[in-house]
Amino acid sequence: MSDQPSVRQPSVQRIDDLFSKLLAEAEAGGYHLNPDEEFTRELVESLIVNIDRYDYPSCPCRLAQGSREQDLDIICPCDYRDPDLSEFGACYCALYVSAAIAEGKGEARSIPERRPSKGDREREGREKAGGRRGKSSDETTGRRSDLAKELDYPVWRCKVCGYLCARDEPPGTCPVCKADKDRFERFI
Amino acid sequence: MSDQPSVRQPSVQRIDDLFSKLLAEAEAGGYHLNPDEEFTRELVESLIVNIDRYDYPSCPCRLAQGSREQDLDIICPCDYRDPDLSEFGACYCALYVSAAIAEGKGEARSIPERRPSKGDREREGREKAGGRRGKSSDETTGRRSDLAKELDYPVWRCKVCGYLCARDEPPGTCPVCKADKDRFERFI
Amino acid sequence: MSDQPSVRQPSVQRIDDLFSKLLAEAEAGGYHLNPDEEFTRELVESLIVNIDRYDYPSCPCRLAQGSREQDLDIICPCDYRDPDLSEFGACYCALYVSAAIAEGKGEARSIPERRPSKGDREREGREKAGGRRGKSSDETTGRRSDLAKELDYPVWRCKVCGYLCARDEPPGTCPVCKADKDRFERFI
């Protein structure tokens, strides 16, 4: 776009720092970066370019809209990483890979785009405001709120990794995958 | 109090060690120590003084009773850290701060005391023995036990960070915030 | 057994590497390796022998069958570690110990075998296929599936540490205890 701010190439130091941070966080949470370091460093560089451009590390392999709200599901690690790791052994960019592939016991396959189209995402967003996942809102909201009434705290779910916690508000950072607070949704 | 044991000033080595431990645990769990290292080291020193005095690191900014049971909610990290981080960007002592403040993007505001008064804590403790959080005990205990009957294990909640796990007993240490076993409560 | 492949003694390097990995993972998850390093390194060596023999680190103190499915509950950390840590302050092998014992404040006691007999494990497996934990299958499966219907995702439980998460499938690795995906069970 014409009004896109010009973005400088990230310094080696910044790439080193983010690479080390992502590597440590991945291993701590039971995830694995792609062991092809040259390839992985290129993705890390693209993440930094996106941080400079948008103020958040949107997925290097997808087109961002430039608004955090609209890109929330593709901020890296994206909402689709874990299902793709389960099904294909790698995320859409192959930044994250399964343990088997990290150990050289398999190879990443080609990965179809799991992200719903813009229209479907918007429709889903409107439905979530009422009920969820294709269930009619009367049916689920009513029952879930019955369940919630029995518990002392709401239960929050990290949309990236599925981490659950019970607190008045979601944590500032997911302790497992380090996703930000706005990546949590009310689960119960 | 007159029978308070005299407590020596902690050595630099002990302050270094606890500072490093808290820093590593905070980052691993998605938390942040106050980046003002001089200030933070003073709080760490106070925590060590409290460990020597009471055998647990009670909050440096609150008056401890000297009994673990009575001070359980203010053993650092206290039960109020996470709500204060959400609302004010820092805990009561400002030992822990939000990501934004850790990165210099904001400043800690003054934080009112969130801890209930001694009378209210005692009343709440008695109520918890029956029902919870102001709900009548008949109402919630009955329903929760119905819910528990449907599950294979009790669900435990860390009162500090909200971590949930399903096991016969709570873990010895919360994997997220490193709180001790007695900081867990039955959730379902 | 006569067809058991011969297994070489692990190199010091491999022992160092696995020892460091287990130590880091234990501390990160709120667990503690036995502080008697010589003793612990011997157990680590036995784990490597089992990895070479069976392709998984089955418990050094129990007789493995050699099939992952049958030995799943005794892959280290075993399903019995956490209850044994709660009750006895150490796991069956004393590879993992409680915080108190790690700090020299107590001593590990002798630990009876908590693992059910082969016959009981097989019976339990058959029952789990229907209901659970001695409840009749009609009673629990029906109710649990009612509960599941109210939630947007299934809830998975790590059989080793009790970690809970809500996602379409369990994670590849438990973020808390690093157990593999097949150590998870459906909880709700």
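Chains: A, B and C, in written order; residue numbering restarts at 1 for each.
By definition in this document, a contact is a pair of C-beta atoms (placed from the backbone, for glycine too) under 8 Å apart; a residue touches a chain by one contact, two chains touch by 3 or more.
Remember, predicted model here, so these are calculated numbers, not experimental data.
Superposing the C-alpha atoms of chain A onto chain B requires a rotation of 120 degrees, rounded to the nearest 5. In this structure chain B contacts its sequence twin chain C using mostly different residue numbers, the overlap staying below half. Centre-to-centre, using mean CA coordinates, chain B is 29 Å away from chain C.
Touching of two or more other chains is recorded for residues 28, 147, 164 of chain A. For chain B in complex with chain C, the residues that touch the partner chain are 28, 147, 149-153, 155-156, 164-169, 171-175, 178, 180.
Those residues of chain C whose C-beta lies close enough to touch chain B in the complex are 28-31, 82-83, 85-86, 98-99, 132-133, 140, 143-144, 147, 157, 161-164, 176, 187-188.
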